[in-house]
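Chain nomenclature is as follows: A, B, C and D, assigned in order of appearance, with residue numbering initiated at 1 for each chain independently.
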Amino acid sequence: MIEIAVLFLLLFMIVGMLFVLEIENLLSAVVMMGAIGFGLSVIFLLLGAPDLAIVQIAVEVISLVILIRATIHRDIKEKADESLSQVSAIPILVCLLLFFLLIYPAMSFLPVFGSPVFMNYYSSSIYYLQEGFKITGAPNIISAIILDFRGYDTLGEAIVLFTSILGALSILRYRNKKKEPSES
Amino acid sequence: MIYALCILLFLLGLYGVMVKRNLIKIIISLAMMTNAVNLFFVLLAYRKNGQVPIITNFNTASTVADLAVDPIPQALVLTSVVIGLGTTALMVALAIRLYHSYGTFDITKIRKLKG
Amino acid sequence: MMGMTEIVKTVAEWIKGFIIFYGLYIILQGHLSPGGGFAGGVIIACAFIMIELAFGGKRAETELDEHKSHNLDEIGALFFLFLGILGYFLPQIPFFANVIQLYWPGSPFHILSAGSIPLMNLAIGIKVGTGLYSVFTGLSHYDPLYQEEN
Amino acid sequence: MNMVSLLPSFVVIPLFTGLILSIKSKKMWYTHFIALGSTILLSILALLTPLENSYYHVGGYNDFVGITLAIDPLSRIVLIMVQVLVFLACWYSIGYMDHYTDHSRYYALVFFMLAGMNGILITADFFNLFVFMEIATLASYALVAYGGKSHELEASFKYLVLGSVSSLFVLFGIALIYSQTAALNMFIVSERLDFSTPIAWLIVVMMSAGLGLKSALFPFHSWLPDAHSSAPAPISAVLSGVLIKAVGIYVMLRFYFNIVGIENAPLSLIAWLGALSSLTGVILAMGQHDFKRLLACHSVSQVGYIFIGIGLGTYWGLLGAILHMINHAAFKSLLFLNAGSIEHASGERNFHQMGGLAKVMPWSNATSFIGFTAIGGVPPLNGFWSKLLLMLACIMSGQWALALIIACVALMTLTLFPKIQKYVFLGDLPEKFKKVKESPLSMIFPMLILCFFCITLGLLLLVPSWREYYLVSAVNVLLGGKWLGSSYVP
């Protein structure tokens, strides 16, 4: 039953993506992106990842708010001639389709949907599930992984967020440029 | 079959990045590509009617290990979702500054660079 | 914009407390049930952004202006790095080992149970929350349309 | 405190200084002082790391459970190159940055980029590699757009879009690796990855596309001239000299030789793509009349040289590639710093309008002369030795066409750079440059140190003991075949 629901939501995301590509009004494209993101978080919930569902919804709200802040009052209505693609879309469509057809036969070698690959080896996932609670004492295995077993990843990830915020603020320096005369 | 749809979403995002002229459309397509790769990761981790990998008072560690979904991809996707947010924030900041210096979101009109 | 109508302002004033409380809940029990530092931090950022949208820039600055949020962001990151380095001060404990769990393992299923994991969740929650808020204020204060109005 | 337990300090120290420096301090010399101090400490640490491979298990968990950090002669030589170059760039930017405001954020971003590069060089875990690649490139996007002028913002946006697409290809490759081997540790993956299924070839394609775009290989080189020429001079020196190599070439080397193994890696494709990118780089550079854009186009061709060396896959080819990687870092960053000092003093980047600056800026003239001769490949200096090695490697492995391409690209570079020297420094001094004075000492000294490196790096090859200690040990690591779980504890 879950597979059908996931398939349906995935089709909704693809249709939504087509909608985003073809629509003229910027604001509705941004809102459509939000809808696709929320569809994705429902898929995460169905696939047994509640942690991810919460983070995905929250991140989607923030990026929606930031993007709406960027598009509001600014040439909402895309002029008709502007929506033509900058380069003729046909060759790109053909080679992407070719790429998809080449990849398709390889899909059969992926693990069957529903029997993940960590079962055929004595993989670290089984180790985490069995001994994770004893070693770290955290019932939520996923936060045990991201903060204790692979805490070094999360340090890197926290720094990624810090650099992107620092970078965004250093680009948006219009405000203190007025005070002291900045670069020549 | 589901993997193919997920890769189709990834290629649609790539198409949007390559073809579209509007900066905001490019930002949205790139966010969609990040979503597609994250979805592919979690699709790999799904187990037929698998449980959430969280141990509660009712189930002991051993029963969870036999029924739970794969936890590692979920931990990795948690990180790459937030990386996607960082990249989107940087891109929106650039798009706003570009809008104020060029007056338009259209990438073909932003052509001050030579070559 | 000088904030929205009166109704929105009073409702925003009311709800702000609940949202921050909910965000803290998600952070603090991150290691017991789904949630964690990232999700809780983003929810707290939403609370502050709601105030900024409802009351306009000036009022929101009294609570958390750009420099204070930037410094808080940094304190969160430094606290997280400190938790990682904790092992360096003790003999033979490697980098990023869960030191507190080794010495004071709390009783399972309680808030103070999984060693340094809840503290790390708290550090990430502060960092993500205040960081995203400072990005939003940066974006809106930079907006010349925003500056003409107030 | 043996050396091994200091391995994570290559990431912790730059992160710590980056976080400390991002506080907006009013007094400028605090930031400069802290920045220089920590880069000096890091360079000393890099030089002290021991010769043999050392492994460090983060959090005390073995390979199977936690993340392991691994350092071996190849990552050691690139680590030393990264630390020394960022130290010189920080020193140079003391004098250069008085044009810009907001020094504290500039240094914070530089240190996060350094932390990202160090993180890549010491990790032995695929997802960790992806996260630190993301830090290094994200910091470089923000630094490229640091000037705030419109053409810099545009170059940074295009670089950001291409970089994000390439990171997504790498992440997609990592997802496929996990789907085949249920492990992320490089040692376990190289053991379990079997090349009978088409998915393994798809992994190689995805990772090569992602890493090829990051290191400006032929089909994906269009972003490099815009991005590296619109960054501030010390940053474009670090970008061209070190970032492409640490993020692109080092990861490709590790992936092809230690994880995929020589027999499955598409080495001849890489050799020919390298040859094509070296040709397009030089031809692009011919037509430029902006000093920094010319240098950026030329670094595309020098990266092509390194890929030719890698593509041969023989002992001499790899030796030439690694030596050329170091030499290119030395003379390319010297020329970028030189262009920065000219732009800092005269504010002009188009060398047709310049002329006769030799009378006014003697030091810059001397350093740029040494830089041009080194890049041209004049015998005593370092460029000659690595080009000679690459040529010999091509001839020995019978690739006459590649040797021919190397020869004519070397000839084109030889003719390309003296004309700039003539335009910029010789000839009569136009009146608007009369009041131009030499750039401050803090900018001259790093350039002099780089000149010293340009002259003495040739000895790295000639002195047998140095060569053994630095270069040959790195090549043996690569030719040593796959990382078959040397530290893997089941």
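Definition applied: a contact is a pair of C-beta atoms (placed from the backbone, for glycine too) under 8 Å apart; a residue touches a chain by one contact, two chains touch by 3 or more.
Computed from a prediction, not measured in an experiment: that's the story for all the values here.
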Pair with more cross-chain C-beta pairs in contact, given B-C and A-C: A-C
Most remote chain, CA-based centroid, reference being subunit A: D
Rounded Å distance, subunit B centre to subunit C centre (Cα mean): 23
Cα-centroid distance, subunit A relative to subunit C, in whole angstrom: 21
Separation of subunit C from subunit D, taking each centre as the mean of its C-alpha atoms, in whole Å: 36
Euclidean distance of C-alpha centroids - subunit B vs subunit D, Å: 28
Sequence positions of subunit A contacting 2 or more other chains: 50-51, 55, 59, 62, 66, 69-70, 103, 110-111, 117-118, 124-125, 128, 133, 139-140, 142, 146, 148, 150-155, 157, 159-165, 167-169, 171-172, 174
Residues of subunit B touching at least two other chains: 14, 44, 52, 54, 72, 76, 78-79, 82-83, 85-87, 89-90, 92-97, 100
Sites on subunit D at which at least two other chains make contact: 8, 15, 19, 22, 58-59, 127, 131, 134, 138, 141-142, 145, 148, 153, 178-179
Chain contact graph, described as a line, ring, star, complete graph or other shape: complete
Interfacial residue positions of subunit C with respect to subunit B in the complex: 33-34, 36, 38, 109, 128, 132, 135, 138-139, 142-144
Complex contacts: residues of subunit B adjacent to subunit D: 10, 14, 17, 23, 26, 30, 33-34, 37, 40-41, 44, 72-73, 76, 79-80, 83, 86-87, 90-91, 94-95, 97-98, 101-102, 110, 112-115
Subunit A - residues contacting subunit D, complex: 103, 105-106, 109-111, 117-118, 120-121, 123-125, 127-128, 148-153, 155-157, 159-160, 162-164, 166-171, 173, 176-177, 180, 182-184
Of all residues in subunit A, those that touch subunit B in their complex: 2-3, 6-7, 10-11, 13-14, 17-18, 20-21, 26, 29-30, 33, 36-37, 40, 43-44, 47-52, 55-56, 59, 62-63, 66-67, 69-71, 74-75, 78, 82-87, 89, 92-93, 96, 99-100, 103-104, 107, 110-111, 113-119, 124-126, 128-134, 139-142, 145-146, 150, 153-154, 157, 160-161, 163-165, 167-169, 171-172, 174
Subunit D-touching residues of subunit C, taken from the complex the two chains share: 67, 70-71, 74, 77-78, 81, 84-85, 93-98
